[in-house]
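What follows is a pair of complexes built around chain A, which joins chain B in one and chain C in the other.
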Partner chain A sequence: MKFLGLSAKDTRFLLIVILLTLATPIILQPFPEGSGLATFNAGYPDLMQRFAIFGIFAIGFNILFGLTGYLSFGHAAFLGIGSYTVVWMYKLLDYNVIWGLPLAVVTSGLFALLIGYISLRRSGIYFSILTLAFAQMSYNLAYSVLTPITNGETGLQVYSNDPQVLISEGETSPHFFGIVMNESAKLNLGDWQFTFNNGYYFTAIIAIVVFYISLRIFRSPFGLMLRAIKTNQTRLNYTGINTRPYTLAAFVISGMYAGLAGGLMAAMDPLAGAERMQWTASGEVVLMTILGGAGTLMGPILGAGFIKYFENIFSKINDQVLHGWFEWMPDGLEDFIIGLSHFFVGKSWHLTLGLLFMLVVIFLPGGLVEGGTRIWHAIRRDRKPKGPDPEHHPEHIPHVAEKEEF
Partner chain B sequence: MSKTNITRRGLMKTGAATGAGLALPTIFTSGAAAFTNEPTGSSVKLGFNVPQTGPYAEEGLDELRAYELAVEHLNGMGDGGAMNTFSSKVLEGNGILGKKVEYVTGDTQTKSDAARASAKSMIEKDGVTMITGGSSSGVAIAVQGLAQDAGIIFMAALTHSNDTTGKDRKANGFRYFFNAYMSGAALAPVLKNAYGSDRRAYHLTADYTWGWTQQESIAAATEAIGWETVNNVLTPVGAGDFSSYIAPVLNSGADVLVLNHYGGDMVNSLTQAIQFGLKDKVVNGKQFEIVVPLYSELMAAGAGENIKGVYGSMNWNWQLQDPGTQAFVKSFGEKYGRPPSGSAHTAYVQTLLYADAVTRAGSFNPCAVVEALEGFEFDGLGIGPTLYRAEDHQAFKDVLVMKGAENPTTEYDTLEIVEVTPVEQVMYPPDHPMFGGPEASLGECNDGA
Partner chain C sequence: MGILEVKGVGKRFGGLQALSDVNLSVAENSVHAIIGPNGAGKSTLLNCFVGKLIPDTGSVMFNGQSVLGRKPHEINQMGISRVFQTPEIFGDLTVMENVMISCFAHRDGAFRIHPFETVAHEADIIEQAETMLSDVNMLDKREMHAASMSRGDKRRLEMAMCLAQEPKLLLLDEPTAGMARADTNNTIALLKEIKEKRDITMAIIEHDMHVVFSLAERITVLAQGTPLVEDTPENIKGHPKVKEAYLGESV
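The block that comes next holds the complex of A and B.
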């Protein structure tokens, strides 16, 4: 079955992604309300929206980092620019996200063009440092210098005395032609409660569209060229190919993805803070991509989900929750277990995440996707072709120096 | 790009999937509750949203201790602490309106984004009726706006910027902590007595909202007593090294240095100013002095010896002798083996005040709670009679002027109380220009229905 220019395999892949995305509110809510494990449920609107938004951010980052190998440490700047654009549109026009989102993509694209044009004159570590410098510059500008535009530390938000020239009566939060983002429908099935949120489905549908675009880029001749740049840029240059337009295009595209993600953040929650542009936010997307699997299609999305899950679920496990879990144990043992848990949950969630990251990088250099593939192959080992060399590796030819002819 | 094959079957499938996706949210109707997160069971959940990682983690930890103590007292465990001295007697130690108090915690990381994410999970997932916390004004203002939109109550903890109850005031938000204007108004007379009215002040200011409002407030208050503001230099937040900012102070002709810094920044800038020997200098025939307008116990501990004789202000200190303070310090000390910090006190008081307001209103409905808190006058929670002003939801009470102790005996009494400034002196009209002027408004209370 072929579909929208995708091969049969990719179509199947896309359909699985669509199904998973649409069923997220059910998949992420596996434990009944009121049970001890309900803490681990993640099917509430804010977190689901974050999964989709950071998924978009990571998909875009992967187009640059995964394909060309250029490691940008400044992508959070575009995230912030996207957010500020959307909030400004709320302030000037009205709460319909249709004005802000396309503009967020355009402005972040323009900034990416400017920053990329300068930074891409260097590669490797120098490129990373240049992008980091630009992002930190943007952060500091937003945090203090440009406060009249960004509202500094407090964050840009809508005030009652803003112009909002298109506003209509009773319009108080972001919407898409009347579909209000923070409205949800709740479904109670026995002890389970599922929340279907308008904002989540809005971001999810956009995420599917941009995932499809990234799939097409991966499979296109342009994507092949980007991979060639990652493999050996020098060789391409000697062949007479000017690689800079390609890297610049990849940089701008991933900047636009980041701007879209930032815009969506403001579309879900009408506030833009400067911390969104801090270098830690740029580092986070690098972690997401590496954790999930750089250069793979699904990896960055998995990585984004993983990190956001830890940030929002593990950080909330406090003593009260732990006591609830372990109260059946004898007192001494209970205190010991709770004391031990302190190192991994609650305020120490960074440590758990760090350990997992180390494990993944050491044992699964290809990220979570590699883990998944290994399990898949372990299950289907019998169906692999068993010939002496099914992948036709080239035979080893000794180097001239190795030939002992003299 | 390669060509696109749109087949009839494929198109119909996509159409069906998209249609199902779009229609899904509208199939089910949302349950009609009277207001956001109306507690229906035998318990009620409160959200404690404090920084557990990042630069203000220590303050956040102390706030969390106080919140846990408050929950114990509300549920009738422990000795009841300041509930016994509180002027309002409706709290009986049986939870709130007979419902057991439970709590969830979150990590704000001292970032508005993370704070809002954690607050949203408390509202959407855990169903809290009130969120309290915050260790920076940016975070407090961000979460206050969220609480307003979602229709729950926000009881701000550590936030000192004028904006929280100034231009960013919200109907669903209440602040017990004092603000930068009050610091200036309380400090100025003490500074006049100690250093005279002919002084030239040099300000180093953290370059963000809180720093600016504090600098503006202090400059206005000191200029009113006859001081001259020589210069105001903005320093980046988290600069670490302030030597390049301190060196020019000596040649500026100033004889007082005002450090509008908080947390680690204040510890570094004060330490470096002392190392430069500023306090040993004589300028314009007067001894050079340093002022730190906002003090906290943790900053005092961090700066060590250097704070000796340096003036500043505080919201509350455990060394006060009123019965409310003593009751709170006693039960905090018995549970944790140390005196509480000022931020812990605010956290504790805000929780009790919310519980009390719900009980007096007889409902968890945010609008009823707002009504119960507006214009509420109370006493017995430390630092004397207090008013929650209806116009801006700011608590008005006496303000402490502190000084670094010359001979501290333990690590907890490095600051000593110089003066308790009466509340009349720190009062200001709700439409004061530093608080957003006549345009600032609370808006309507929102119960989310």
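The block that comes next holds the complex of A and C.
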């Protein structure tokens, strides 16, 4: 089956992604309410929205970093620009996200054009430092000098005396033509409760669309050129390709993805703050992409989900939850286990994530996707030797020394 | 008037005069070798042709147009392709993708953004790349990772990539450096075959006299940054100045 210009394999892949995305509110809620493991349920709107938004951010970042190998440390700047744009549209027009989101993509694209044009004069670590410098400059400007635009420390938000020229009666939070983002439908099935949130589905559908776009870019001649830039820029120059506009295009596209993600953050919660532009946010998307698998299609999404899950779930596991789990143990042992757990859960969730990140980088340089592929191959190989394989015709493979050259 | 006209080229690196007053004319459809001892300035000269270096003095004309001040990709689009001393290929891509990139560059020019076209749907490019690969007997390796191939294969792939662009002038920087005798002979055979099949000019920088004398129609001997003599292989072999400067008593 072929669909929208994709090969049969990619169509299947896209359909799986669509199914998983739409079923997320169910998949992430495997444990019944009130059970000890309910802490691990992640199917609540706020977190699911973050999965989708950071997924978009990471998909876009991967087009730059995964394909061309240019490591930007300043993509959070575009995230912030997207958020500010959307909140400004709330202030000037109304709460319909249709005004802000396209504009967020455009403004972040323009900023990316400027920052990329300058930063891409250098490569490697110098490029990273330049992007980092730009992002920190943007952060500091947003925090201080540009207070009239960004509302500085307080953050940009909607006030009752804002113009809001298109506002209608009873419109108090972001919506898409009347579909209010923070409204949800709840479904109770026995002990399980599933939340189907408008905001999540809005971001999820956008995420699917931008995933499809990235899939097309990966398979296009443009994507091939970007991958060639990563492996050998010298050869590409001597093959008659001007690499600069290619890298700039990749930079602008990934900047637009980041702007869209930032805009969606403001679409879920009508606020924009300078801290969204800080370098830690830029670093986070780098971690997501590497953890999941840079240059792979699914990697960034997995990485984004993984990190956001840890950030929100492991940090929730406090003493009370731990007591609940280990109360059957003898007192001394229980205290010991809880004491030990302190290093890995609750406020120390970063340590767990750090260890996992180290393990992945050392043992799975291709990220979680490589891990998945290895497991898949191991299963396939396990299955094969059982019973005669009609397609298996062992062939003599000549040793290197036996081969005739040319 | 040759396809490549070099007039009075000089290049200085700090205190070292790498090239001085180099005059050279490469005739169209010929194989021209540039030889010389280590440090004679052969690679510097080649880098002046492809835009990597800009000479301090003189001019380099290709097909009646100056190449000076142009970027490598612009010079390549004018019709000069280059084979490197160590094969420069896209190691992370497959053999087929390597050649397809050259085909795209030849068809679409230095930059074209086409994010919604699909590589797999480009029938012309695929066919062209397959022809190129079968020309160098590598069609069976099309799905191989380019980096995992032997040096000889990498060299052949690089040649296929260069030829896919249908260049007017092919520059070869020590194409057999570090190769075993059998590989060297195969490369010579391949280059001869390429020359027979198409109208192409080749300029070869080479250390190996065996390669030079089996391929070149004209030879320029470079010594200490300046051309010593330019002649046919037969005359170069017996030339006393050349013997003295470079060949010693071995030939």
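Simple rule for what comes next: the second predicted complex is superposed on the first by the 381 of 406 C-alpha atoms of A that agree within 3 Å, B and C clash if a C-alpha of one lies under 4 Å from a C-alpha of the other, contacts with A are read in each partner's own complex, and residues count from 1 in each chain.
Criterion: contacts are C-beta pairs under 8 Å (C-beta built on N, C-alpha and C of every residue); 3 or more make two chains touch, one makes a residue touch a chain.
Small disclaimer: the values here were computed from a predicted structure and weren't measured.
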Worksheet item: Where does A:A8 make contact in the superposed view: on chain B (first), on chain C (second), on both, or on neither?
Response: neither
Worksheet item: Which touches a greater number of chain A residues, chain B or chain C?
Response: B
Fill in: Touching partner for A:R216 - first (chain B), second (chain C), both, neither
both
Worksheet item: Where does A:T231 make contact in the superposed view: on chain B (first), on chain C (second), on both, or on neither?
Response: second
Worksheet item: Regarding the shared-chain residue A:I118, is it in contact with chain B (first), chain C (second), both, or neither?
Response: neither
Item to complete: Go through the superposed model and pick first if A:G152 touches only chain B, second if only chain C, both, or neither.
Response: first
Discussion item. Let me test your reading of the model: by the given contact rule, A:L271 touches which partner, first (chain B), second (chain C), both or neither?
Written reply: first
Item to complete: Could you tell me which stretches of chain A are touched by chain B in one complex and by chain C in the other?
Response: 5, 216, 219-220
Worksheet item: Which residues, counting only chain A, touch chain C once they are in their complex?
Response: 5, 7, 213, 216-217, 219-225, 227-228, 230-232, 234-243, 245-246, 249, 253, 405-406
Fill in: chain A residues within the chain B interface of the complex
1-5, 18, 22, 41, 44-47, 50, 140, 143-144, 147, 152-155, 157, 159-161, 172-173, 182-188, 195-198, 201, 204-205, 216, 219-220, 269, 271, 273, 275-276, 278, 311-312, 315-316, 318-320, 346-347, 349-350
Worksheet item: Taking the complex as given, what residues does chain B use to touch chain A?
Response: 1-7, 10, 13-14, 17-18, 20-22, 24-31, 52-53, 57, 61, 68, 102-107, 111-114, 116-118, 120-121, 124-125, 136-138, 141-142, 145-146, 149, 163, 167-168, 207-210, 234, 236-237, 439, 441, 443
Discussion item. Could you list, by residue number, the parts of chain C that touch chain A in their complex?
Written reply: 50, 71-73, 76-77, 81-82, 84, 88-93, 97, 100-102, 104-106, 108-122, 137, 150, 152, 161, 165, 182-183, 186
